[in-house]
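Please go over the structures that come below.
Each of the two complexes below includes chain A, the first together with chain B, the second together with chain C.
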Partner chain A sequence: MRYFLQRLFQFVIVFFLVTFGVLVFMRIGLNKPGDPARTMLGGTATDEQIKAVTDRFHLNSNYLTQYWYWLRGMFTLDFGYSQTNNLDVTTYLKPRVLPTLFLGIYATVGALVIAVPVAVYQAYRRDSAFDKIGSFFSFALVSIPALVLAPLLSYLFIIRLQWFPRLASKIYPWESLSGHFKNFLLPSIVLMLPLAAVYVRLLRADMVQTLQADFVTLASAKGVSPRRVLWSHALRNSLFTLLTNVGVQLGGLVGGALVVEQYFNIKGMGSLLVVGILSSDLFTVQSVSAILVATVVTVNLLVDLSYAVIDPRIRHARALS
Partner chain B sequence: MSNVSQAASRDITDPLLELTDVKTHFRTARGLVRAVDGVTFNLDRGKALGIVGESGSGKTILSRSIMGLLPPKGAVRSGSIKFEGREIGNLGRKQMRHIWGKEMAMIFQDPMTSLNPLMKIGQQIAEPLKIHLGMDKTSAMATAEKLLQDVRIPEAHRRLAQYPHELSGGMRQRVMIAIALACGPTALFADEPTTALDVTVQAQILDLLNEQRKDRNMSLILVTHDLGVVAGHTDDIAVMYGGQLVEMAPTRVLFANMKMPYTEALMQSIPKIEDPSHTRLTAIGGRPPDLVHPPKGCRFAPRCPYVREKCENEMPQLQQSDLPGHFFRCWYPVGSPEYFESKERNAAKAMASAAPTEVPVSIGEAR
Partner chain C sequence: MTLTIESPPVADPASAPDTPARTQRRRPRIGMWFGITWLGGLVFCIVFASVLPFIRLYDTKIRVGGKAGRYNLGPGWTAWLGTDSSSHDVFARCIYGARVTLTVGVLSTVIGLVVGGLLGIASGYFQGWTDRVGSIITDSLLALPPLLLALLLVYRMDDLKDVYSWLGWLDRQWEITLTLGILAIAPFARIARAQTIALRDREFVLAARSLGAKSGRVIAREILPNLIPAMLTVAVTGLGILVAAEGALAFLGLGVERPLTWGKMISDGQRDLARAWWATIFPCLFLFLTVISFNLIGDQLARRFDIREAAI
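Moving on to the complex of A and B:
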């Protein structure tokens, strides 16, 4: 428990540091330093408008004060104001959260569902044809960026096979499950494949090593079935690198989501972030990155806790510390 | 099943294990490695056999060959292995699985790496009980606790819920033994079971193994590099060198009457209690033979202090000595006229080369 609180504290600090950093850098990067309100509102804004915005968001105060007010607003779900849309950020951010969340979850879960059995079987039948083909494809996929994979797959599945619409429209699963998947499947796959490839490579390497361990041979020598040896004895002992990477890759996934959302015209947080950065939309960028950082930090905290669930040695060591 | 009736009709005095010309070769990039090269012996029910040899002699591969626990790729097996009268030398892992843990069990060298670190002790012992004897969880756990008591682990009940890292090395080796004994195997293979343990714990573990062997009328195959380990704990000893058996005899006969110079050399490399302290141990010069290109003649010839021309050109066969059950593989065995002649010659040589400076004490004289 003490360990958990320590980690939680660390992660909260990380969250604050990153979000504050974003706030500072967004303001430093403005083309007219010291006058963020004018930049936000553009040249045609009247003095009253500028004053109103400056006062509302305390844009004349120092960065820490601004951060404090913004943070306080966040807790009442007031994310600030976006000049590009002339709307409160909260209003138009809300519908953008779920599509990106869907993409991220589908990609991560899908990648694990594919990668784990493939890696386990590759390690079990090391140097077989299956292993070699698997290694080739995972290597190839690791090296292909989403920017290349997206047009490749859409040519195949959208233009040739016509399985999916060219531009994805936002349909929630509770509206129409088939419609939802028709629109989200291909973008998710584009994100998922390189991720699955990374997972396969990591897990295979660990599995190969675990399978040579004495306790695996002992499990066989006890008469345990190969299936149980693989899934129950060896896999659990090989999960650590993979789990760590689920957390680490999440940050990279944001970059991928950005490309995929743009390519398939999904109105998610990734595309919002791009537009926000390009148009110096302070509060949009701050809010989106806050949500992303919070997600990454939370998942990493969960990953950290999962070590203890899997490994009694970590559990005991933590209990002692 | 025909196997069962066959086994039932067998006499209790029939050997448990019969090996005939067992060979295990490995295909490697360098060529065929003759890890085990034609081993023949029988093992009776309830007896303890020590297989002794240095690293690379093929002793571990031999024990794994008998159990069928070889890496699935690259191993070429031939010869016959009969276990309770049925041929198991050609069985695959799938068929061996029903024998593993139930009729044959194995104890590994390193108790620190041989238990699953993420699984409770109780579960690890219960696993074979559930698989082979169809026990439910409750009775498997009760049996596991009984087994832990058998191998003299204090507070057996509490241990069931503990993980391997909570136990000492000696305790873990006891757990390994409990796992091996779980289903009442008729043959137990122990591959260097005490090498990774403290000297004080070694004797306890060996005594425990022997006591369980007698209680359960189980055969024990003790694989080790240490003649000292097998001395007090086995009925028979088989010495391996370069993938072959080079000497085999009842333990007492072997120690009193060894014929093979390699066995003699192994013997001399054991520290003796009556030696003054700081006595330099005798090492066997040279290295074990290359098993891709083994020597044409006797495989020990390149390192043998009594080597003659014939040794280098013709491979000696396993022959019986004048004592029952004693076999050896040597042209000029320990005690033969040629042996003494070579010995004198060696001593003279050592004397001559060292003469100008000081009076040498050759190894032969010091003994």
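Moving on to the complex of A and C:
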């Protein structure tokens, strides 16, 4: 419990530190009064507009005061104002959340669905042809950046075979289920394949070790069926590294989503951020990155917690230290 | 690979003996030699690009029948990998693109290695408050998705150098190098910390300390040499990740503009993918082969030094 509280405390500090850092970094160098508002509104803004925005967001006070007002807004879901769209960030962030969420969920779930059986079977039949082929492909796939996989797959499946439409149109499953999958299948695969390869490698390595453990031999000797030994005895004890990594990969997944959304023209949070950064959209960048930081931090905390649930040994080992 | 964060080496109760050495030795080293050959060939071409007769200058236009047209040549004898939208030789551009990409990758790895390594050693060796501050720094660096942090840093550095004159020396290439260097700090720090913790209670370190050696000497003479294998392995694997990240940044519009990089070529070519696949697919292949080469060499090093993948 003490360990958990310590982690929680640290994660809270990290959250405030990073969000404050983003705020300062977005505004540093905008020294003259009215500068931040002018950056937000663009060159054509009148003095009144600049004054109005400066007053509304306290842009001429010090960074801490600005941070305080922005943070207070965040907790009431008021994410600030974006000049590029002339809208409150909250209003136009809403439709952007789901597409990114779809991508992330499809990629992670798909990767696990592929990776777990493949890795378990590879470990079970170690050094077989299947194992060697699997290792080869997972190694190759780990090394493919999203930036490479996206053009390759889209050339093959969109341009040559024409299985998928060129531009994303129907985004939500309730609009058109087949249209939804046509739009999301390829981008999800681009994110999914390297992820699946990472999982296969991690799980296989752990699984190979577990299968050599005494309790596995004992279970087989007692006549437990191989399937049961593999799936319930060995797998549970091998999930450790995989689990750590599902959390760790989240950051990479968001990075991949930035590229993939841009490439396949999906209007999600990633493309929102890219545009936001490139047009100095202070509040969009601050708020969206705060959401991402909160997500990453929370997932890591949950992963930390789940160790103890999965593996009682950790509970005790950490209680002692 | 997408830009991934290395997982922290967990305090791990399942540290059962590794797979038997027998199966490790039997694996052939074709992969590593492939990696070395590819990277060696690439570096050779980069260094002697202006001398070698078969590499054109990156902005030489190839004229067909006296005219330079968009994508006027497919892959063939005149231009090995075809020509791009302004009828430049794709092969030559791939080579010149590698020059920027590899320089950026190597320099940023060095930055990450030095800063992250020192941070990690200090955290692991002194523990207590140093460790706490160190881990808050690394956690903060890892809390933002790496590519997002990179975009933010590069874009703002662009602005800042106009405001503060002492930043005038920053050009795009330096901005990207610094940014990727900052991204590389956290993983290096974590590895160095974990390794230092494992080393600091070993007998030879205790012996040095009880003989009265000061902390600085113990770190420099006892700990540092033992960190080299792990750090080297991580550095090689990390190079692949940084090269990919540089490509992604360029694709998102924050790359080195002149002369060019692979990411820029991919983003330029992909709009005309249907018309001229070679202008996009070949830079993709160069990027892929380079990343996989670094991974293959890193893999071999990890095997050689017996470093578990989970720790990388």
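Here is the rule we go by: the second predicted complex is superposed on the first by the 298 of 321 C-alpha atoms of A that agree within 3 Å, B and C clash if a C-alpha of one lies under 4 Å from a C-alpha of the other, contacts with A are read in each partner's own complex, and residues count from 1 in each chain.
The working rule: a contact is a pair of C-beta atoms (placed from the backbone, for glycine too) under 8 Å apart; a residue touches a chain by one contact, two chains touch by 3 or more.
What you see is a predicted model; the values in this text were computed from it and never measured.
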item	value
Superposition on chain A - do chain B and chain C clash or fit	fit
Partner chain in contact with A:233 - chain B first, chain C second, else both or neither	first
Contacts of A:102 with chain B and chain C, given as first, second, both or neither	neither
Touched partner set for A:81, first chain B, second chain C, both or neither	neither
Partner chain(s) touched by A:184 [first = chain B, second = chain C, both, neither]	neither
Partner chain(s) touched by A:222 [first = chain B, second = chain C, both, neither]	first
Partner chain(s) touched by A:70 [first = chain B, second = chain C, both, neither]	neither
First, second, both or neither for A:213, with chain B first and chain C second	both
Winner by number of chain A residues touched, once chain B and chain C are compared	C
From chain A, separation angle of chain B and chain C (C-alpha centres, steps of 10 degrees)	80
Partner chain(s) touched by A:127 [first = chain B, second = chain C, both, neither]	both
Smallest separation of CA atoms, chain C relative to chain B, angstrom	8
Residues of chain A that lie at the interface with chain B and also at the interface with chain C	127, 213, 237, 311, 313
Of all residues in chain A, those that touch chain B in their complex	127, 213-215, 217-226, 233, 236-237, 310-313, 316
Chain C to chain A touching residues, read off their complex	1-8, 10-14, 16-19, 23, 31, 132, 135-136, 139-140, 142-148, 151-153, 155-156, 159-160, 163-164, 240, 244-245, 247-248, 251-253, 263, 266, 269-270, 273-274, 277, 280-281, 284-285, 287-288, 291-292, 295-296, 299, 308-310
Chain A residues touching chain C - in the complex, by the definition given at the top	10-11, 13-15, 17-18, 21-22, 25-26, 28-29, 31, 127, 139-140, 142-148, 151-152, 154-155, 159, 191, 194-195, 198, 201-202, 205-206, 208-210, 212-213, 237, 240-241, 244-245, 248-256, 258-259, 262-263, 273-274, 277-278, 280, 285, 289, 292-293, 296-297, 307, 311, 313-314, 317-318, 321
Complex contacts: residues of chain B adjacent to chain A	67, 69, 73, 93, 97-102, 105-106, 108-110, 113-119, 127-128, 131-132, 163, 165-166, 176, 179, 182
